[in-house]
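Order of writing sets the chain letters: A, B, C and D. Residues in each chain are counted from 1.
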C-alpha cells in the first residue's frame, strides 16, 4: 500500500522538478518563439552558483550559519543566471527573433561553449554540494513511509515560482507588457511598448528560473558541466506538451510527464518507461499538435 | 548578383574549392604533425607512447585523473633515465567519451604516430571499440580499469581487476556477512549486465536469492522509483554497478528516503575515492565498495605514491584504484621493454609474462596466459572524510581468471 | 537568384574539383587519412539528404542520427555475422542468448543487409512523416518531436543489449564479402565505392533540385500555405523528401560502418544529429555543394583540431556555429558568393 | 453553373464571424462583398477556399459539390482560386517560375520530377505574362517588382490555374488610380470565363466594376443588389456612417 502512496508522491516530486526546469523555457519560448537549447546550461550555472555559495560559507562563516547558505543560494542563482541570460539575449538571441529553427542551432552552440567554460573553470570531475542540515531526513508518515524534506521543499519552491510568475504576468504592469508582446508584437510596438526591453527582461527572468532549478537540483543529483544536458530534452517535451506560453500548460505538462514517467518506470523498467513516455508524447502531439492548452491564433502561417 | 562574368564564376569556383582543399590539407598536414610516419617508435632518442582517454564529454569526470597518473609515471621513468636509454614521449589523444572516436584515435596512434604502446580506455565500450584496431595493427593496449571479464585479447594487457578479483569475492563476503537476498542495480550497459549475470549464477550456487535486477540509462538522475522498489523488495544487500553521475543521484536520494548503511548494505564496484568526492562523503558514509587498492592502503610504495600524486596535482586530489592501476601499467610496460631490450610488440608481450612490480597496492604480477594481473582483493567502507578504509582483504594476491574457468558454477557463462 | 542556370553550372564545376581532389587523395595522404576521408564522404552523402529537407524544404530534423544509425546497424549486423562464422555473435552469448534472433537471420545475406540499410530508415521516415506532416506539425514542433524520436531509439538500442550490443554497439568485424577489412586494398576499394556513391547522390539530388519539384520544395519552405492554395499538397512532398533524406542517411550509415569499424547507439543521439546540421549550416544550406563542403570541411577540421588541442574543439565549434547561424546564414558558400558578388559590382563600377 | 452559399456559419471560440449567410453567385458574375472592418468578409472567403472549416452550412460549387468537405489543395483543384490580401508570391524564384508552379495541372510528385511543361502551357504562361504586363520582367525575382506588379503576378498565377471561381481579397489595396483601373479591366477580361468574388473597401472601384454587391455586417448579410440600390439603402448608410466612413479606409 504505502509503496503506492510513495510512488504517487514520487510522481508529483519528479513532475515538480520538470516544471521548475521548464518554467523559464515556457516563458522565453512563448514570448519570443526562440528555442533556447542553452537553457540546460543555465540550470548548470544555477547549480555551480550554489556550489560557490556553499564554499563561501565554509570559507568565511561560522559552521552554525552553514544551513543558511542554501536560502541565499536561491536568489543568487536567480541573479547570476538571469544576468548571464540578459547578456546572452543582448548578444545572440535578439538576432534570432522569428527564426525559431535557427535559434535552436545558435543556442546549441552557446550551450557547447558554456559547458566547456564550466569544465575549464571548475574542472571535469563532479563537485559536491552538501545539502543544508535542515533539509536532511524527511516527514515520517508511518513506519517505513517517509517523504524527504528535500523533495517537499522543491515542490513548495515550484509552487512559489509558479505563483510568482503568475503575479508577475497577470498582476503587474510589466506583466501586462509581456503578455501584450506575446500576443501581438507589432501591435504592442505600435502602442509604444519597448519590445526590446521586454524581451531582454523576460529572457533574463526565464534564465533566472532555470538558475533556481539548478539550485534545487543540487539537492538531488550530481553537479557537473553536463548537468543541463540531462534535463533539456525533457523540459522541451513539457513545454510542447503543455502548450506554448501558458503557465497552466507547463504545470499540466510537467505533471503528466512526471507521473507517467514514474508510473511506467515502476511497472516496467526505467529504460522501457522512458521510451514509452516519449512514444506517448509523440502520439499525443499527433492528436493535439499545439499541446494541451494553446492560445488559438489566426495568423496565416501558424 | 546579376550577370556575373564567366571569369568571376570561375573565381568563385576557385575560392570554394580552395576552402575545401585547405580543409583536406589540414587533415593531411596533421599527419606529418608528430613525426614522419616512416620512422618507427623505437628509432630516434625517444620512444613514443599513446595516451588515449576521454578528456571531454561525460567520461572526462573519471578519465582525466587516470591520464594524470600515467603522465606522472612517465615523468618519473624519464627522470630516472627512461627505458633503453631513451626518453618516453607521450602523445595524448582525446577519446571524447565517444566509442568510434576511441577507435579512430587508436588507429591514428598506431598507424600515424607508430607508437610503441597505448595506455587508455575506461568504459568497456571504449575497450571493445579499440580492440579490433589493436589486433588488426598488432598494437599494444594497456587498460587500467576493472571490467566484466570474458575477454583476453593477445594485444591487450588488463591492469584492472578481472571479475574474480573484485565481484566474485565481494559477493562471497557479502553472502557470509550480510545476507542472502541481493538487489542488483546497474547502469544499462555491458559491464553491469555481465557482472549481474555472473552474480546471479554465483548466488544460485551459494543458495542465495536475487530479489530484483534493475538497469537505468547512463546519466539517469531520478532514483526515487528505484529506491521505492528497493524498499518494497526488502533485500539484505544492494549490489551497485551504477556508473558515473548516476551514483550521486542514487546515494543522495537513498539517504533522503531515510535509508542509511545501518538499514541496508550497498556494495559498489564502480565507486572509488574520486567518485565519493562527487557523491559527498556524508551521503555514502558506511557504504561498502570492493577494489584492489585504496588511498589508505598501507604499503610504503603507496605512501610514496600518494605523496607524489598530491604534490604534483594538488593536495585536494585523491588517488584510487583505476588511478593506481594506470600508474602501475606504465611501469609494467617499461619493465617489459627493459627485459625485452626492444619495443617490438611481440617481444615485449613475450617478456611481460611473469613480470612483477612492487605497486602501491602490493606486489602485482602479469599472468602470462591471459595478460591480466595477480592482485590482492580488498573490501572497504566509506569513511566520514570521504576516504575508504579496508575492512577485509585476501591474504595473498588472487590469480586473474577472466573467464571464471576455475568456478564450476560459472560453466556456460563464457561460452 | 537570377541566373540560376549559371550558378548550377558553377556548382557542378566545384563539385567535380572536389571529386578530383578526393580521387587523388590516396596519392598524397596516408592510409589513415584516406580512411578518415572515406568517413567524411559518407557524412557528405548524409549531408546532401539533410540539405534537401532542411536547406531546401525548411524542415529541421534533429533526429537524422536515427536514420544514419539504422542504416549503419543493418550493415553492421551483416558484418558481425560474417565475422562470427555461423556461431553466435560474442555479445549475444554474454547477454545470455542461446540462438540467433529471427530478425538477425536474413542479415547473413549482404544484399539483404544493404537493402535494409536503405529500406528500414525510409519506412520509419514514412511512418513518422505521414503522421506528423498530415497533422500539420511544423517548425519547432517537428524539430522537438524528431529529438524525441532520437531519444527513443538510443534508449531502446542501449536497453536491448542482447539484440543490439547495447552501449558498446557492434564492432570487431573481420571481412566484407570475404575480403579482409584490415587489407589496405579492401579499404581503398571501399573508399572509391564511397566516392562513386557520392557522385550518384549528388547527381540524384541535383536532378531533383533542377526539376520543378526542387522549386516546389523551396516554395514549401517559403510559404507552405501559398503552395497549398496553388493546388499542391505539401504533405506528400514533405513525406517524400523526408523519406529520401532518410534513405540517403541510411546509405551513408551503410558505407560508414565498414570503414570506421564500429557503430554504437550514441551515433543516433541528439548531439550527433545536431552536428550533422552544423555541417550543412557551415557549408551553406540550400546548396548541395554547401552540404558536401560542410561535411568534409568541418570534420576535417574536427579531427585536425581535436588532435592538436582537444579541449579547444568545443569552444571552436561552439563559436563558429553561433557566428555562422547569426551572421552568415548561407554558410561558406554563401560567403564566397557574396565576396564574388562584391568583386563584380566593384569591377562594374570601375568600368563605368 | 453557379456557386451557392447555404446558411454558412463560421465561429471562432463562440464568436460568429460569419452568421448564416445565404447567397448565390452567377456564372461569370463579378460579385463584391463589402462592409465595415470585422464584418466577416475575409472569413467568408476563408470558408469558401477551405482555410477555415465552417461550423455549419454548405458551399455548393459547380452544381453539386460541397467544397467544405475538401481540404485546401483539393478545393483549388476543384477550380476555386484564392488571392490573399497581402500579396504572397515566391520571392526565391523568378516570375516565370512562379507562373510555372501555377500553370501545371498534374501536381503529383511524379510529374514534378519528370514532366516538362507542355507547349500550350508555356504559351499560356506567356499570354498571361503579357496580359498582366510582366513579360519583360519574367526572369526577375518578385523582389524587383512594385507592389501593384506583385498583386498582378498573383492574379496571373490564379489565372494560370484556370479556376472556375476566383476569390480576391482587396486586390487594389495600396494601388494608385491608374493601377486600380488596370486591375479592373483585368478582372472584366477574366470574368469572361470565370466567376469572381471580390472583397473590397474602395467604393469607387466597386462602383466601376461590380455586377452585384453584397453588404456584410457583423457576419450577416445586410443587403444585396446593384451598387446603386445598396448605396441608397438606409440601413447600409447607417452602418457605414455609424462606423464613420471606414468604408473608404
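The rule is simple: contacts are C-beta pairs under 8 Å (C-beta built on N, C-alpha and C of every residue); 3 or more make two chains touch, one makes a residue touch a chain.
Values in this document were obtained by computation on a predicted structure and should not be read as measured data.
Path length between subunit A and subunit C in the touching-chain graph (shortest route): 1.
Central chain assignment: C. Criterion: smallest distance from chain C-alpha mean to the mean of all protein C-alpha atoms. Top-ranked chain pair, ordered by C-beta pairs in contact, is B-C.
Subunit D has its Cα centroid 47 Å from the Cα centroid of subunit A. Chain centres here are Cα averages; for subunit B and subunit C they lie 33 Å apart.
Work out the mean CA point of subunit A and of subunit B, and you get 35 Å between them. Centroids built from CA atoms put subunit D at 44 Å from subunit C.
Those residues of subunit C in touch with two or more other chains are numbered 1-2, 155, 158-159, 223, 225, 311, 314. For subunit B, the set of residues that touch two or more other chains comprises 55-56, 188, 215, 217. Within subunit D, contacts with two or more other chains are made by residues 84.
Here subunit B touches subunit C in the complex through residues 1-5, 8-13, 15-17, 19-21, 23-24, 26-31, 33, 37, 55-56, 92-94, 96, 98-100, 103-104, 107-108, 111-112, 123-125, 128-129, 131-133, 136-137, 148, 150, 188-190, 193-194, 197, 215, 217-218, 414-415, going by the rule given at the top.
By the touch rule above, subunit A contacts subunit C in their complex via residues 33, 35, 92, 95-96, 100-102, 104-106, 108-113, 115-116, 119-120, 233, 236-237, 240, 271-272, 274-275, 278-279, 281-282, 285-287, 289-290, 300-301.
On the subunit C side of its complex with subunit A, the touching residues are 58, 60, 62, 131-132, 135-137, 139-141, 143-145, 147-149, 151-152, 155-156, 158-159, 223-225, 270, 274, 277-278, 281, 311, 314-315, 317-322, 325-326, 329. Residues 3, 6-7, 10, 13-14, 17, 116, 119, 123-131, 136-138, 140, 144, 146, 148-151, 217, 219-224, 226, 229-231, 261-262, 265-266, 269-271, 274 of subunit A touch subunit B in their complex. Across the interface of their complex, subunit C is touched by residues 49, 51, 71-73, 76-77, 81-82, 84, 88-94, 97, 100-102, 104, 107-109, 111-115, 139-141, 157, 161 of subunit D.
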